[in-house]
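Encoded as structure tokens, the structure appears first; notes follow it.
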Amino acid sequence: MDKFVESLTRSIAQRTSRRSFLARLGTFILGAAAIPLLPVDRVARAQGTDFKKSAHKNVNDDLTCDYWKYCAIDGFLCTCCGGDSHDCPPGATPSPTSWVGTCHNPGDNRDYIVSYRDCCGKGACGKCLCGNTEGEMPIYRAQLDSDLIWCFGAPTMVYHCSTSEIVGVK
Amino acid sequence: MAEYSFASVVLMLIKRIEIVAMLAVAILLLVGAPSARAQLPADQMTTLTLPDPKPNWVYIMDLQFPVNMLQKIWIIDGETRKLLGTVFGGYEANFEISPDHREMYMIDTYYSRGWRGDRTDVVTIFDAHTTNVLGEIALPPKRLLIVPKRNTTSITPDGRFLLVANMTPATSVSIVDLKGRKFLGEIETPGCAQVAATGNRQFFSMCADGSMLTVQFDDSGKQIAKSQSKPLFDPNTDPMFDQPAVVGNKAYFVSYHGKVLPVDFSGPEAAAQPSWSLVDDKDVAQKWRPGGWQTVTYQAKSGILYALMHQGGEWTHKQFGTEVWAFNAQTHARVQRIKLKTPGYSIRVSNADKPILFDMSLLPSKLETYSAPDGKFLGEYDDIGSPFLLYGP
Amino acid sequence: MDKFVESLTRSIAQRTSRRSFLARLGTFILGAAAIPLLPVDRVARAQGTDFKKSAHKNVNDDLTCDYWKYCAIDGFLCTCCGGDSHDCPPGATPSPTSWVGTCHNPGDNRDYIVSYRDCCGKGACGKCLCGNTEGEMPIYRAQLDSDLIWCFGAPTMVYHCSTSEIVGVK
Amino acid sequence: MAEYSFASVVLMLIKRIEIVAMLAVAILLLVGAPSARAQLPADQMTTLTLPDPKPNWVYIMDLQFPVNMLQKIWIIDGETRKLLGTVFGGYEANFEISPDHREMYMIDTYYSRGWRGDRTDVVTIFDAHTTNVLGEIALPPKRLLIVPKRNTTSITPDGRFLLVANMTPATSVSIVDLKGRKFLGEIETPGCAQVAATGNRQFFSMCADGSMLTVQFDDSGKQIAKSQSKPLFDPNTDPMFDQPAVVGNKAYFVSYHGKVLPVDFSGPEAAAQPSWSLVDDKDVAQKWRPGGWQTVTYQAKSGILYALMHQGGEWTHKQFGTEVWAFNAQTHARVQRIKLKTPGYSIRVSNADKPILFDMSLLPSKLETYSAPDGKFLGEYDDIGSPFLLYGP
């Protein structure tokens, strides 16, 4: 985790102006108390909607879009590409930048804060495409736009696949 | 088989004979001698060129999924549904056509080794008739890399400037002088993304809080005025899609829930006009809402706005549309409901006298044409890769 | 036709050694009498085979693989790509090199000598893929191998689509 | 919705505050504070690496059709049928694995603007465990550009030299010193094409008249001997497929009509061994013949030769195979007929103790595994793009 914070902070410090940083900031955190995280509310918003009612049958299968930790993932699952739900496939680099969401784990009935980090630096994997649009926003809310290539700070902006990394419990 | 073996022997025998002259003579003999009895003349092989673009042509951006790094434009005549030609690009490419229809532009990113290596962002200039490459204009390697959307690039009505949205993730707009064939500079657009020209020296970007940033610049590409409006909508309750229908200095935004927000960009600051709704209470009860990729298109001649509609719940904003609804943009009356043969992902209406409504579906990969606004199905063109965007001349 | 002979001859003279030229030579011509053309015999060979019996229903439709002039074409039909049966689509360059075959035109009951010339210099068209393997040979008989990128002498070796050009009557 | 709007307000308020330090603190709080009650620990994000290749792994060349300019290798464990990783390449790419399994090589062509621009032919060296790029070796831009076939490149058994077939259309072979990481030179192979190493300093090419060219070279990549055999088969009556099964200094060629030609390449000149047939009179009557892309594969441990077979007439040599026939290469007895679930385009048998027969189909895109030689269906792996070639470690 140290590594994650370190690289994130360094990356932001090095690569972005204060202004741009702001846009990304919403991704991670909204106040000094570390609560609420912006995307956390997406779960609340989505509750009681039709979206929540459908699917989610394979919540324990990390090779499917329904895996609990993938509740707002968009792209090729690294799990299907030689990686893991929170590990890049060989030869791909975890992006130092990402966006954060909250997913409910039915196994322990807790809400986990997860970081959606793209693996970058090789051509598109092409396997297990998920397009979960729950809470997905247009590009003017970049931090919630999943169509964006989230490889800022990676060696190249070439997108390979998507992971979901547990950051902590909400 | 006998002659064939003989032929091989001949081939072996002549291995060491100087032969270029002989070949020329032989081919002349070949072409000349039997021509007396030929029914069909010899073909004269050439490269075709395109005529001037017609209003019912359509240009389709194909991602070539899952590769995505060698995108393609299909140029199709909407009336004959015939493929006229192709243009190629790179990674997360954008496409523009000059207002005088003489040139086409691909704005994209290449890596020196395809999927890795050094990044080059570049505008490639194509002759609109030959589709030959006329030149390149280098860009700072900062392009907004996103699954291609309209308004990631834009061209001024006079064709002089190409505007390219950047994100590093700091946001800015690169100003390119198309006549001078050079990159002029960048204008920062903090907190706002994308770019759409609404005048010869003016563009707007959409901002995170629902406001609009209006920027004016001079001939050297320098910003001369910048004004951010108050929030014109609330992205938290009902976000506007980020690919509005932009016509002249006006843009029609459509929201996830079906609200229409016309915005006047003629002045130094964006001015919202009264909003109205695509859906009435009954439609809402039936869960009708807009969705897809290019969800809204406007025909200036008729003043009719078209929206791609589906039935779905919250966060179904990328669901394929089963119908296109046409509205009089003045009276807000729905003038037509067009049931699509194939649910669409993007729509576009041409600005022809007999306009065509293009419906593009991703799965299956297909373009369908309907007369507009009455919605009579005219025909289809299949197998256009993984198409995302529709452009017109 | 002058242009064709000229470009062919020039291309060969400029770009190929005598040795390499030989390989291509078989493509075009086999003796001083200009007869027989090597691929001509492929028709003879193919006659009486099952291949000949099948299909060939759309012999007059140049948007299909069955068009009479396409009897041994392999690749994307330029006809479907904004070109013509003997014209490149806009922006593509006719390859100065090619291979030659003979196709029977049921319309006038004549055998025509055709030159299979690739259009080169832009990405693969991707429409109307034909894989007519009649008389197709391995790479050691390069002049009859249709898997080869036949763009030698074109501005780039990038293959766009395939044409069939009438050179004369057999 | 209320909290969400509040969040936006917070976002606006903190717009002008210096924030990097705060962010770091905040995330530490976030991670540290709730961890006491966390059931699942925080993930430690890494990049995985591959173990040493196992005999039942398979490497699949995907053309990424129709793009073809950004090819892909799928590395799949044949026993678990799980994707282990990918390697990317360029236009008409070839792939090789070092005999010591430490490195992988892509040999291909890139253009500076993807589909146009300056051509670069290059060997890209990959670490076999990390799949990271270790370096590049530039080649003369002469590579034989063809829909990928085995034997367009080859590696010597000692792993020292990579051999690359050229065609301009003049044919030659580029000699690359993999240890010295440099291109050494070219050896001309007039009238002959492709390349297959049959010794540490020896390769052969197939020639237009059915003869074989054997070339010996020294450590500096210079040719020291070259000998063209007499024709070993007649390409006019029954051509041999150009992707034989090469094992050590021996190659098994299979013809369009089903003849097997074993050739001994241990000496300075190729020596044909007695040929035999895959098909008996009854098979011929039923029109059985080999076909596909990679049509023949040989397992050294068992001495069993496998051929992909279909029923068809003349010139059906690329037709998908419905069965794989296994033969004892010594006795020529057919030991098994394996009916394929999905007709295949390429086959490969692994050299494991419990060998797997891989059957790859193009349409649908699929890999099937069978136990060899008994042919029990083991399982499948789907969606591998447009796969043409199978490689093994």
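A few points about this structure:
All chains are identified by letter, namely A, B, C and D, in their written order; residue positions are counted from 1 within each chain.
Following the convention adopted for this analysis, contacts are C-beta pairs under 8 Å (C-beta built on N, C-alpha and C of every residue); 3 or more make two chains touch, one makes a residue touch a chain.
Treat the numbers as computed from the prediction; the structure is a model and nothing was measured.
Between A-B and B-C, more C-beta contact pairs join the chains of B-C. Averaged C-alpha coordinates give centres for chain A and chain B that are 29 Å from one another. Distance from the chain B centre to the chain D centre is 37 Å, each centre being the mean of its Cα atoms.
Centroids of chain A and chain C (each the mean of its C-alpha atoms) stand 51 Å apart. Residue positions 21-22, 26, 45, 122-123, 125-126 of chain C each touch two or more of the other chains.
Shown for chain D are the residues in touch with two or more other chains, namely 1, 4, 11, 15, 66-67, 69-70, 88, 114-116, 191, 208, 235. Contacting chain pairs in the structure are A-B, A-D, B-C, B-D, C-D.
Against chain D, the residues of chain B that register as touching in their complex are 1, 4-5, 8, 11-12, 15, 64, 66-67, 69-70, 88-90, 110, 112-116, 120, 122, 124, 133, 191, 208-209, 234-237. By the touch criterion given at the top, residues 1, 3-5, 8-9, 12-13, 18, 21-22, 25-26, 28-38, 41, 44-45, 80-94, 105, 108, 110, 112-113, 117, 119, 122-123, 125-127, 163, 165-170 of chain A touch chain D in their complex. Chain B meets chain A in the complex at residues 66-69, 91-92, 109, 111, 114-117, 119, 144-147, 149, 167-171, 188, 190-194, 205-208, 235, 239-242, 287, 312-318. For chain A in complex with chain B, the touching residues are 15-17, 19-24, 26, 45-46, 49-51, 76, 97, 121-126, 129, 131, 133-142, 145, 147-149, 151-152, 156-159. Remark: chain D residues 1, 3-4, 7, 10-11, 14-15, 18-20, 22-31, 33-35, 37-50, 70, 72, 75, 83-88, 126, 129-132, 383, 385 touch chain A in the complex.
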